[in-house]
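Pasting in a structure now, in structure tokens, and then I'll have a few things to ask.
Here the chain labels run A, B, C, D and E in written order, and each chain numbers its own residues starting at 1.
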Amino acid sequence: KGDTVKVKLGVSGTDHRIWNFVADKAKKEGIEVEIVTFSDYVQPNLALAEGELDANSFQTVSYFNAFIKEHKLDLVPIATTQIAPMGLYSEKYKDVKEIPKGGKIALDNEATNMGRGLALLQEAGLIKLEEGFNGIGSLDKVVENPKNLEFVTMTAGHTPRVMPDVAASIVNNGIAVDAGLTPREDAIFLESETATPYINIIAVREEEKDNKTLKRLGELYQQDDTKEFIEKEYKGNSIPTFVPLSNIGW
Amino acid sequence: MLVNSDQIIKALVETLQMVAFSLLFSALIGIPLGIALVVTRKGHLLENPPFFNTLNGIINVLRSVPFIILLVAIIPITRFLVGTSIGTAAAVVPLVFYAGPYIARLVENSLLEVDHGVIEAAQAMGATPWQIVFRFILPEALSSLILAFTIATIGLIGASAMAGAIGGGGLGDLAITYGYQRFDTKTMLITVGILVVMVQGLQSAGNIAAKKIRRR
Amino acid sequence: MIEFQQVRKVYGGGGTQEVAALDGIDLKIDTGEIFGVIGFSGAGKSSLVRCVNLLERPTSGKVIVDGHDLTALSAKDVREIKRNIGMVFQHFNLLNSKTVFANVAMPLILAKTPRDQIKNRVYELLEFVGLADKADSYPDQLSGGQKQRIGIARALATQPSILLCDEATSALDPQTTSSILQLLKKINKKYNITILIITHEMSVIREICDRVAVIEAGKIIEEGSVFDVFSSPKTETARNFVSSVMNDRLPDSVKELIERNDGLNKVYRINFVGDSAGKPLLSQLAKKFDLDVNVLFGNITELQGTPFGNLIVEFQGSEKEILRALNYIHQQNVSIKEVTAHAS
Amino acid sequence: MLVNSDQIIKALVETLQMVAFSLLFSALIGIPLGIALVVTRKGHLLENPPFFNTLNGIINVLRSVPFIILLVAIIPITRFLVGTSIGTAAAVVPLVFYAGPYIARLVENSLLEVDHGVIEAAQAMGATPWQIVFRFILPEALSSLILAFTIATIGLIGASAMAGAIGGGGLGDLAITYGYQRFDTKTMLITVGILVVMVQGLQSAGNIAAKKIRRR
Amino acid sequence: MIEFQQVRKVYGGGGTQEVAALDGIDLKIDTGEIFGVIGFSGAGKSSLVRCVNLLERPTSGKVIVDGHDLTALSAKDVREIKRNIGMVFQHFNLLNSKTVFANVAMPLILAKTPRDQIKNRVYELLEFVGLADKADSYPDQLSGGQKQRIGIARALATQPSILLCDEATSALDPQTTSSILQLLKKINKKYNITILIITHEMSVIREICDRVAVIEAGKIIEEGSVFDVFSSPKTETARNFVSSVMNDRLPDSVKELIERNDGLNKVYRINFVGDSAGKPLLSQLAKKFDLDVNVLFGNITELQGTPFGNLIVEFQGSEKEILRALNYIHQQNVSIKEVTAHAS
């Protein structure tokens, strides 16, 4: 048996189920994965760029792209992981069309999630965004708002909690599941499964993109038993999405 | 810069509203609680250990809960009180739950420092506990109370940033969502700058008022 | 009327040393009386007076004020009684955050006196204690004696029917003290208020008290009319206090004189009480007997309207003549006693 | 429940570490600053308006910045001091930046209440400013200081929950990430319960100590 | 040596009313002297003494202590000088958070005295002020007078060469006062320390001071040896203070007597100073002249070793005889003055 290799992996939130599963597999191959939990979406990237992490796995490629461009970070994705479809939920209405004029829509205030939410609303036909929308959300990207909807932004965790106070909430997949919602059944509108910008990735520093250990970690994630694990654990609310990097523009 | 001056002004107004209203209500709650913490403790005016322990405990519980959890835990109350759990008005409720017990503790500490001789003079005059508190203890502690409220208000401004998390808006929220999450340094600097000016003004006013009143 | 029945006050306990500041006090102070309490520092005077308005709750025993046993009353009733008791504190206990005016006005405000009446009354009181010009000052801008006078004005504000004074003039010069005492006497006469005065200054007792009690180590060791206690103190402590104002301790020069006694002169202490002071005793001695009388030292004063005093005199003459003279003096019902080198 | 007892114990330890260390360092910083705020103000021992105004201003700035922004703004400092910007140790730095100035204000308020007569007695004895502060002012204010530190420590426990944002961990973070973000009520109740017990214990200890010292 | 040169101290200003507490004080207190300052409440006594250790910085003028102009010295040098000055505060200013022991030990701790020496010294001092049993008590467990005694013990702890006493015995009974004054006198003699005593009690001045100044409204209006000021006060204020201890204000009974003067008797005040008190004047009058001499009232005491006093006497006899007697008295160099109903 050779020496074990240590890998520091940053994740956000608390859901380590998949990574625990992967880490167990890795351990058998002499890779010890230390999972560092963050409760926000900024630090894991910065920490990775500074070399305090070896990899992170918490973000969509869209967020990733925007983030590294903004911060001029030399990070690259090495594997895709899954996609968690965002949905529009409502306690009051069964259909998007029922949302009344002037209704309030709760939105995650984080930039890419907001962009994703706005894109979802556009897809649902509620609003129209500016030409060439780059996925980075802010309210001035909305060019048409026929129902005169009012957007209320807040932290992601809050969006399901305020459903009694709004016409509809845009809720991240993970949060919706935790809040006891079943995206496939409860959402009045759900993101299409092929929303490539929202495929999640594992990211590493550019100079380590060929690191064998890290690559192996990606491979372990993309194995079939992981896929089965995800499908079983998440009952279809998180969809394993293992596609080549070129599919997501890398 | 991702925000325009209108947004900043709107945020400023929201912050002022949140802080003003939550300060008002938390003072209305915190001052009586602080007074109660003082006068019901052992050996004081209205000694009442069961009451003191209960109150002390409740305040401790409220002070233990992380703000964001408090915020969620009291959503039903917020909804009951303001009809909604989002927006600037709704943010006031958790802020009051946060600052009320906090102010109670600060008030308690200030009032405990009042010279016992003054309270004796009041008792000798046959003053009611009510009169002792309002005519003697509070005026004597006023200078310290003003500084305590300055501290509490600045704490509230900080907390109001977190209240932005539930759609309360405000400068702090602007600083976080734009400055922090979208790396819009300019917005962050401007908003934080405004906050600094507010805090500086507040603290100076507090210092001056306290100095004027402190007869030493 | 204020009555103490077997009042004990024990401080401390529970870890700290126990101090019995009051140890079985029985005392009755009549309505309209000016009653003085003297005693050494730490004797229990403040503890005693603080029991009257329950600032200290007696450990045991009863304090009865105007017929009510305070320790048995409800808090509300006690307050009602306290409204009628003014108190001057040894340490003033003024509100630092309020002006002199507001301090004096406070009891009136508590009693819900109309605003304009308050103003008149406060200025009247400040005028009296000589501090009308300090109405807008704060206590920290006052001298020690000025603070004490504010404390006195405050205690008098509501015209209470009982006044408790704990060393109320200790920070005041003799004139101010005297004018304050005169005022107390005046209001005592006019409104028949009961005044309990704690003091260590016998001159205060002499000036206005009717009766006096001597407290020592928490016990009343002597009690009586001021005249009795001054003219014939029964305890060593009372004697000491009396001599502090009566100036009857022999000065060194007299002691020396006695010590180098050459047999030809003798030194006597003559006590005058009441009428006997009115008689030209000394000159008659000089006329009637062949001796010279020399007043060495002494003091004749007035106590509650009665002349009272003692003189240390030296008789110069033959032993026989002196004896005859002594005989004569005894017949006049005047108390005389030889002073020897070893007695004071 | 999404967490096991090991995680809770780990979080408890993290909270204790974060709070203990940040309390230690913020006290080390806050007490001298609080003292400086008192003694350099106008009319006091070492009157020095420029120094006072600068210090006052710096403290105001630090107190103005929302905690999450402060956390990011000082990352370079954190990295310089602890070698990393994530983890429990790293969380201590922003907590100190948060609590240090806060403690300075509380200390300032307590010290200002010390009877001026005592300071005069010290001056009359020819005590140096240093001696006046340590031998006279601090002991006289001790009871109030203890309550102030109780308030500050409880505030720190609250703030440590936010330190989860930089991977600091701790009970508050567990409560937020599981209880808030993952809707795991049981975990939330347990963690908050532990926090309540901690705060209750702390406050009681503070009350008892302050009462013992307060000679009134 | 302490010297005041044209010292003015003005409080307030800038909005509030200005009060000139000291208004051009010139005063020189020699090394080893016990100097007393008396004056009415609010006269400026505390302000004066507080200038000596710069607790109040003079608005103008100089305070020179042991040759150093305090206002011109650096803070460090001032501290050095203060280490040598003990002060008893009017309001005690004890540390409430420290035991009696620690309070008294404080100046020694500041001076970095070894621990065992501190212990001995503190117990010695506590023993002296009679509070050794209270060493572990806290100030709030003490009576007013006990606090004051702790303040005195603290001031003496480091054996300072200058002692400032601001009403140091105002809360003490006469015996305790007297024993404290005796101690002060003793250490004054033994260590030649300079003592500045602020008081409103003339008995304190009489008992230990060498010289005395009378301050009124911020000005020194009279200054001199205690004997001079007592025997011939020049100002009304000094006279008032002196009479407070000399007991020479006429009591009502004597006033009445004078008022209903029937022409046959006349009332005189005789002042004895020094030797004249030693002569059997009264008895000689009685022998030599056909009149009766009745001592109505008065006081003979001792001031700095010299007998001193005054008596109010009534001469009963014919106008002629009285005139002759007066003549005789004048020849004896004794001052005598008729007392009329309108003079005191």
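One rule holds in what follows: a residue touches a chain if its C-beta (ideal position, glycine included) is under 8 Å from a C-beta of that chain, and two chains touch if they have at least 3 such contacts.
Not measured: the values here are computed from a predicted model.
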Partner chains that subunit B and subunit C have in common: none
Partner chains that subunit B and subunit D have in common: A
Centroid distance [mean C-alpha coordinates] between subunit E and subunit D, Å: 54
Approximate Å spacing (C-alpha centroids) for the pair subunit B, subunit E: 55
Whole-Å gap separating subunit A and subunit C, where each centre is the average of the chain's CA atoms: 89
Separation of subunit C from subunit E, taking each centre as the mean of its C-alpha atoms, in whole Å: 21
Set of subunit E residues in contact with two or more other chains: 91, 140
Subunit D, residues touching no fewer than two other chains: 72, 116, 143, 176, 180, 216
Multi-partner residues of subunit A (at least 2 other chains): 42
Which chain pairs touch, all of them: A-B, A-D, B-C, B-D, C-E, D-E
Subunit D residues within the subunit E interface of the complex: 115, 117-118, 120-121, 123-128, 131, 135-136, 139-140, 142-143, 213, 215-216
Residue numbers on subunit E that touch subunit D, as the complex places them: 53-55, 78-85, 87, 89, 91-98, 106-107, 109-110, 138-140
Contact set on subunit A toward subunit D in their complex: 10, 13-15, 36-40, 42-43, 46-47, 50, 52-53, 156-157, 175, 178-180
Subunit B - residues contacting subunit A, complex: 2, 72, 75, 79, 84-87, 90, 165-167, 173, 177, 180-183
Of all residues in subunit D, those that touch subunit B in their complex: 41-42, 56-57, 60-61, 63-69, 72, 102, 105-106, 108-110, 112-113, 116, 143-144, 147-148, 150-151, 154-155, 157-158, 161-162, 172, 175-176, 179-180, 188, 192, 195-196, 198-200, 203-204, 207, 210-211, 214, 216
